[in-house]
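Each chain carries a letter (A, B, C and D) given by its place in the written order, and its residues are counted from 1.
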């Protein structure tokens, strides 16, 4: 099921960018969770186009409708079907791209793989597909926030934010505590360090004015997780997070804890020594990034995701058409010069989905029977 | 199934480092493949301890036995069970670690997750688990080499090698062509650039003499792949490769193509323009790393994996015991000061497993019926 | 994923009988299949209420809408989302049942399992859920009819029909050839033997007039299948068919080929001897029912499914309410006195889904690579 | 994974009847379960050949070895690998069958599906494959017996027994209570009604003396189950049981509760009315067989499985060889004239596997989080 994700808390997304709409079916959701469309909408609003002056000016309300699985404001344990109708599809912008392969897009690979493709707005390969992930992620987040209380009084909190746009990098020392949502949302670019954020915004605007695009890096942190999530071998927590992140459009890399920089360290520097902190076993440092042996260890989980620059640029580019004939393509349409700010809630959503799923898997094996 | 990997070509590994042995069951293998134990053994020999003077001196023959699924030298389409008996288990070295949590190992997380753990040699969390992956990967490689011929005359080749140990980085310009197996295997460290390799070997020996350890980076390249492998949304080829790599012990990061450096580029620099090269649609550059929209595009696939320094070091480290009491632990046993050279065949094995699985998935959907 | 079915050709159904609608997402569908909403509607019309005078008089058009996965009349290889809006939901009929457990319905088990339930029309346990199965099955049938041509000139045909209602059993000798669709659809009861069909219709009307209900048996036959579908061990073709059938509401039994009567035979009577019929290996008899060792053998596949009488009857029945207090319940609403006639297209749909899935699985393992 | 079964408590079987051995890997087993090889052996002894004078006289000890997943007598939560070495393989008996297709065996379908097959003893299609199921089932039974105590003081008990051999049917009134293991094991034929059992034994011996074989029916009952196991739609408890049973060699049918006879009843006869029995909600009758809406309802679960007569008979039979040439085949080897008595522990094992898996699934969704 290439369009499904998760083993016990499973989502299946469907829809094209220029069809009737985009949707998701969530299967395996725990029952009795209080959930309102507004809570889901709040996350979709963080993702939707037109939310600020550095993202695409397309106007899509992206209003979510709950079609099943909720009764009197609570989940019933049966599938939740959510969908968002497409409203602003100007297919004409894509019409001349029907026979051309846009560079670094999925046009060519879809064409060869399936023998045909829906050219409007990239069809299924459009980033609008992530609407379903964000909608489902909103429910997963709610579960973690409420249901996590048993294991961690504060609930589980997930916070993603931008640390790099193009070559502008937030100074590591800029963040001393777990960033608040307000700090992240304070600027359109979702970097919690205001001076860096302002430079990033300027950079994005400058690049856009040149018809070009830039990439960036998102960091995501999670606190309040219990010890024990993740499986020892193939389904390590970081393996499933890596898959989740690399399944997002435009991603090129993932690193957990010390990441690639960890390769430069010695074991004596990198090891996280254990200590007894007020009766709880904790690690002194956290180069591991919150897991050991693939299983959460009670420390803060943190990882970073690299995004390439947006493939659509408003400049002429050489390419070929479906017959292989060389041609030139000029990007049209209303695109993000940098997708990374809008990807912040998407990274959080995928993280929530992985965590709920692993929490359920852990519980199934280790809490169902008592010996 | 936390100990299984793959959807159609599926492996299930089992075994602890100090039990009777380590094994793997391969389900879904295509029938009629000629395979001999020697071909599997050749890959295991690249992974086994004691193969050179920079790895652990443990002496394990790691001799593979085929228990099922092969008849008269060919696979039958039914499960292949392979196993390797453990021969050199000196559990005494671990005895005093029974009640201590080794820093940056899985002892603590297993203890909490399961309520008990097998302390001998790390039990299931031992890197010996990767024996099953390498054995299965040898079969997957054979399939790609032979079966790939239909799509690519030279067959599919997978080559991993080391580009970094500690802070020693192979110069990017050192490799101008797809490295040969002989170039990689020329030195014990498996870096195909001889001067860098020699410095790396010296560094590993120096670090070992100090009772310390180092990490590194492996790059893996694949050529000969057809266009069309990978699924559009969650099971993108790079998503499944990222999961495969982050499921390996000691890994901290994954990047495909331009990777984290790609975040620093502009779209106009990063986009891979299409051209018609001798009647075949190809890209001029390959920042994408061999996929677009999660699907292989016929270019060389390449990615890098970061490994942390070995957690076991032969120096005293502060830790706690199972009761939470602070204590000191001194690593014993015979360990690799750097696991990265022995991880090269493991990275190749996981790559082969992902590719065969996706090839079968692609074929199932797109070649079963003709409309 | 309790609401999904199939490994490669996968369907996920959602929706409640009295919510906005009922839907299905189909993942893994081969691309380029020509499909029109009318073809799906034709199957839904065979299933919908109000189609004859022996089924529930509820008036639901059950009009299907295709929301994704089709471009210019052909499938694109991406998920097809189909849905049917609910139009005739008179929830008031169920209001007083909110706190009562209807005998032999799922009210009590849902209530205990999930801690809450949607009482309107049985919520998710309503047989309206099968709309999604029939819609998806229509696509699977089209694939088998067209795509099967390569292997069998006539394409694959699936024909279900009723052989028993209450104690009225169609004489086995009544059918001498593979029944045509016209023969099955000739009467509202879908028994191809007209005299038996007429008696069945009378019985259903008589029972309905008494406020009671009856069950029955459906037989399903498939011809044109290639040899080789089905897996040897757990996923035998008959195992997956049995699961498919027992997953339908009101089913109590499944038997393939000789079935329960086969238990009364000797091996010398039951064995299907092989012969060479015009150059093709065939069996002289077909007690096996079309599979051997769980794999299709090229003979006609046939099996029977038992349905219990409709649980909802229009007579007073003793039951308890959610507090455990004894009470009396009188069925209301507009129900089928016998669900079996409307179950005929549902049985066919599930059969088609199993067969397409296994065809793709077989092809993946045995046709992807050539050795 | 055609050789795997179960979603959370998963088994993967491997091995051929005449290779080195037969094995199973169990993944997802809850940790800390006390288990000894003797407990597994006890179930294997009920299944092994040579146990009585009405089964095959082959002498195989079928001695189980635990290769992983157990530490100090308790499961560790990691995979259990179990295997049984083959000791009595007289391949010569099969040699002349290499090129002939045995009637009603899997020879022909394997040959076509895979393009080759291991002819010795049926290779993978041998009923020896069920060794792995019985071994894994012994662990599942232990879990249900011990772990079930929380929900049902007596633990969960599973009891299968024979109700029919050939046309000899145990009178339904012969059993008034849940049969004890001693009653079932009292005779070699495992029918708890002594007079019927004796007639069955005579019949099997008579048929064997004629070189023929017979089939039969097994009933399985389960008591002590909690309410709530099973999923509403595709993974209904009876659907997964039906699949489990039809995945066994030689099975032709499955029915739950009233089964095929239920099709002859009216709703007013068949419905199970609810009552309050000593403060617990129970049903007055149990035609449903222990589930409603696919979910266990706290009543006794019971179902029946039909087995065809053994395909191997010691009489000449017409068949064809691999080239399609007509030939005659005379069965050799030492075979069961009736496999049904030895299938009793296999039916119990598959039942236990389904129940543990569903218990874990239910717990994951409904007990992980509390809202």
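As a convention for this text, a contact is a pair of C-beta atoms (placed from the backbone, for glycine too) under 8 Å apart; a residue touches a chain by one contact, two chains touch by 3 or more.
Since the model is a prediction, treat every value here as computed from it, not as a measurement.
Chemist: Where among B-D, C-D or A-D does the A-C interface show up again, with more than half of the contact pairs the same?
Modeler: Selected pair, repeating A-C: B-D.
Chemist: Which pair wins on C-beta contacts, B-C or A-B?
Modeler: A-B
Chemist: Rounded to the nearest whole Å, what is the centre-to-centre distance of chain B and chain C, using the mean of the C-alpha atoms as each centre?
Modeler: Measuring from centre to centre gives 45 Å for this pair.
Chemist: When the C-alpha atoms of chain B and chain D are each averaged to a single point, how far apart are the two points in Å?
Modeler: 39
Chemist: CA centre of chain A versus CA centre of chain B: separation in Å?
Modeler: Measuring from centre to centre gives 26 Å for this pair.
Chemist: Touching at least two other chains at once: which residues of chain A meet that condition?
Modeler: Residues 2-4, 13, 28, 31-32, 74, 77-78, 113-115, 124, 232, 361, 366 of chain A touch two or more partner chains.
Chemist: Can you list the chain A residues touching chain B in their complex?
Modeler: For chain A paired with chain B, touching residues are 2-5, 13, 101, 103-106, 108-110, 112-115, 124-125, 129, 164, 166-167, 207, 212-217, 227-228, 230-236, 238-247, 249, 251-260, 262-276, 279-281, 283-284, 287-289, 291-297, 306-313, 315, 317-320, 324-326, 361-362, 366.
Chemist: Which of the residues in chain C end up touching chain B in this complex?
Modeler: Residue list for chain C touching chain B: 8, 28-34, 74, 77-78, 143, 146-147, 150, 232, 359-361, 363-371.
Chemist: For the complex, give me every residue of chain B touching chain D.
Modeler: Checking each residue of chain B against chain D gives 1-4, 10, 12-16, 19-21, 23, 25, 27-28, 31-32, 65, 67-69, 71, 74, 76-81, 83, 113-118, 123-124.
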